[in-house]
Amino acid sequence: MSDQPFTHLDSAGQARMVDVTAKTPTVREATAAGFVRCSPVIIDALRSGSASKGDVLAVARIAGIQAAKRTAELLPLAHIIGVHGVTVDLEVTDDGVAVVSIVRTADRTGVEMEAMTAVAVAALAIVDMVKGMDKSVQIENVRLLAKSGGRSGDWHRPE
Amino acid sequence: MSDQPFTHLDSAGQARMVDVTAKTPTVREATAAGFVRCSPVIIDALRSGSASKGDVLAVARIAGIQAAKRTAELLPLAHIIGVHGVTVDLEVTDDGVAVVSIVRTADRTGVEMEAMTAVAVAALAIVDMVKGMDKSVQIENVRLLAKSGGRSGDWHRPE
Amino acid sequence: MSDQPFTHLDSAGQARMVDVTAKTPTVREATAAGFVRCSPVIIDALRSGSASKGDVLAVARIAGIQAAKRTAELLPLAHIIGVHGVTVDLEVTDDGVAVVSIVRTADRTGVEMEAMTAVAVAALAIVDMVKGMDKSVQIENVRLLAKSGGRSGDWHRPE
Amino acid sequence: MSDQPFTHLDSAGQARMVDVTAKTPTVREATAAGFVRCSPVIIDALRSGSASKGDVLAVARIAGIQAAKRTAELLPLAHIIGVHGVTVDLEVTDDGVAVVSIVRTADRTGVEMEAMTAVAVAALAIVDMVKGMDKSVQIENVRLLAKSGGRSGDWHRPE
Amino acid sequence: MSDQPFTHLDSAGQARMVDVTAKTPTVREATAAGFVRCSPVIIDALRSGSASKGDVLAVARIAGIQAAKRTAELLPLAHIIGVHGVTVDLEVTDDGVAVVSIVRTADRTGVEMEAMTAVAVAALAIVDMVKGMDKSVQIENVRLLAKSGGRSGDWHRPE
Amino acid sequence: MSDQPFTHLDSAGQARMVDVTAKTPTVREATAAGFVRCSPVIIDALRSGSASKGDVLAVARIAGIQAAKRTAELLPLAHIIGVHGVTVDLEVTDDGVAVVSIVRTADRTGVEMEAMTAVAVAALAIVDMVKGMDKSVQIENVRLLAKSGGRSGDWHRPE
């Protein structure tokens, strides 16, 4: 009916929250990933004994989990939905920290943005904690890896 | 006094909010940038007439400005400070949307994280609006470009 | 059983959040409207070329959509429910800006307050942006126009 | 330098948070008012014995005070500032409830929007509590009455 | 499968939000209680005429109701669920204020933490209002009294 | 001038946010404590190897730090102020977890409530994580230990 390519806009180009009252609550899952590129001094610190690296990864993990719950506050056109399961996994590699988040819901919309928001905010929390050592730390490749559930079905990122 | 490399942890590795009561309120500024890589179908839509692309960039701009104000809520160890000026600029290029944010304050801490948070959330808002066309959209290179003010003085990202 | 005329109070007059666990989730919709009366200098600016009026209406639209999602935070006795669709329409007239919001949900309570909150906050956002030109701008007639769904059925404002 | 009439937009019409780092923290005050027009059945209930009307006015008063603190969350371009004093007064009249709020700060920006937000949200809270009796309740004339402090000095609403 | 005693941690000890997508939405209720121990000067003030004690109990009641709605923001691993009914009852005794909260939902998880959060924050609000008279006021015995609904069934606190 | 014993109420007993614009920003500190009484099965789990107890204490510490920043949202009459330093220390004892929080600011009001809120919410987060093992866990003796700074000077809890 409309040539509007953006589902979040009406035919006049005005932002709206898309009506999802007719969608069925079903189990939906999304997986997102990202990377925080760090210099060797930071990697060394993150791989040091537990007294040193301490709560760093826990803080980032929790920041990511909480951010998934705040998605509807951060993204103006996102819906308020139940957030029914969140994991945020962090792995320290030779040149940074890899972040993966899986979000699940049994509600009316997909949780792709919840998973990407969890990754982005966990990454920001890492930056916040390591930037005192090196301000050039950088967040890379925040992206959706896969989603399942809902009318549009499964999707996996092409390799 | 401590071997703790992370300023946000105490010597036992426990997270804390660093005491900044002794720091002087001064004018501080930070500039951050990032990029949302998009496929051609999205770029075409973003470059189409105003009725089509409509509020897309405004929504992202506003999401970024508001996120700068929420930094202390998103990042567990960030301080509550005044946020006294924020711009978020978006430019549609041939392969994506470039995001730059400048945040200014006259308070006790730097606003590097506020600027990076504004960029990351503006980028997430773009993803939210364009993912209906192509789910492989990706956020890249969220990073600090420069900061000024405060005891540690000026910093520019090495080229 | 009680002479208490206010459903939000118990028989002793104490505020409570009314128990709606027994209500059935159904599709519900509410339409609210309001008006921001502006002086001619503001109307002229709002009708000027796109470079000048720029994001003004988009900012107000987004503020309204986001406020609908915050209703349970703003109104102490409101329930946390899903907000499943929101539009905020703004029309610049000869003496102000007319605001209309439609909110839809598939949940346990009506969304009358969500629609009125969207209107009130969109109107406040307009005031925020135009008050630099004329502080006497005024919000008028924020009211419910119609509601449908739920046990109490349809209602239209009498003319 | 610019023909841009809106201080919240840049010369390209893009929304921004105006930089106030150069402004001096001084004591500023704003007074706003509004009115909730109610039918006689509601007025009777609001004038009944304390067991009946109970917490109604307290809920609205508190909602207004809290909303003043949330202004920077509700209005996208508002600054995060200290909110250092808020009163919300409610008076039941023959045809409604009159709302007046005074907000004070010792910070960098005026608090006109904080006072108007307090009035609007206190009014919404009243609507929420009385709409069960009559849905045609309406919020009228939310407006600034006076402001003082800051570079632009005192202002009183013309009669 | 795991020796992990904490349901909120995975087998490596990492915090996660437990996946509840497979749980059935059913009516669940939780009752929590607590006590704010106050010195006689405060008790006298709380028992004085209505003009003096005024809104004190209403403020605490509303703070508790609102806190129940914020549980998922306050507790990092809590789920976003519907909060469908909340009462907070306060009773002034000879040596303090007794707080009881009942929270109900028709959703996927229990509301034990919502009820305990309502009690704790109502108690903090009382402390905030009376600490000007005596700083030694103290919150005691915030605890669950009973819960019903959900797979684990009914539970009452042993005497 | 008034017989009103509660500083947060006006002479008519109405809640207000006390005007602190005339107070001087100075360094202020508050220390609060509390205790989460746990059964032996929980203490054993909390004292087990790091893989088991994992993030439990980190989650509670972070919940407490973040809650200190939310005090003005949780307590209706609290002021928005800068929160410039927060620690939350947790110690597992033979019969529970002891919580101590120190909050510092260089602003216009004391931070007693911020410290008590940090303790109460850290305690609630512990309850949330251990209640799966024993629902009878209980929060005890949330109280102010000491404060310094501000016009009223130093205070230590009498032994």
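In order of appearance the chains are A, B, C, D, E and F, and numbering begins at 1 in each one.
Convention: contacts are C-beta pairs under 8 Å (C-beta built on N, C-alpha and C of every residue); 3 or more make two chains touch, one makes a residue touch a chain.
Keep in mind that this is a model prediction, so the values were computed, not measured.
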{"item": "Intersection of contact partners for subunit A and subunit E", "value": "C, F"}
{"item": "Proportion of interface numbers common to subunit D and subunit F (over half same, under half different)", "value": "different"}
{"item": "Winner on C-beta contact pairs when B-F is weighed against A-F", "value": "B-F"}
{"item": "Most distant chain from subunit E, judged by the mean position of its C-alpha atoms", "value": "B"}
{"item": "Whole-Å gap separating subunit C and subunit F, where each centre is the average of the chain's CA atoms", "value": "36"}
{"item": "Between subunit B and subunit C, centroid-to-centroid distance (C-alpha), Å", "value": "30"}
{"item": "Computed distance of Cα centres, subunit B from subunit A, in Å", "value": "15"}
{"item": "Residues of subunit A whose C-beta touches two or more other chains", "value": "14-15, 50, 55, 58-59, 61-62, 66, 70, 73, 76-77, 81-82"}
{"item": "Chain-level touch network, classified as line, ring, star, complete or other", "value": "other"}
{"item": "Which pairs of chains touch, using the document's own definition", "value": "A-B, A-C, A-E, A-F, B-C, B-D, B-F, C-D, C-E, D-E, D-F, E-F"}
{"item": "Footprint of subunit B on subunit C - complex, ascending", "value": "50, 55, 58-59, 61-62"}
{"item": "Contact set on subunit D toward subunit B in their complex", "value": "10, 14-22, 72-73, 76-77, 79-82, 107-108"}
{"item": "Touch list for subunit F against partner subunit B, complex", "value": "27, 58, 61-62, 65-66, 68-70, 81-89, 104-106"}
{"item": "Subunit D residues within the subunit C interface of the complex", "value": "3-9, 11-15, 34, 41, 45, 48, 50-56, 58-59, 62-63, 66-67, 70, 73-78, 112-113, 116-117, 120-121, 123-125, 127-133, 135-144, 147, 155, 157-158"}
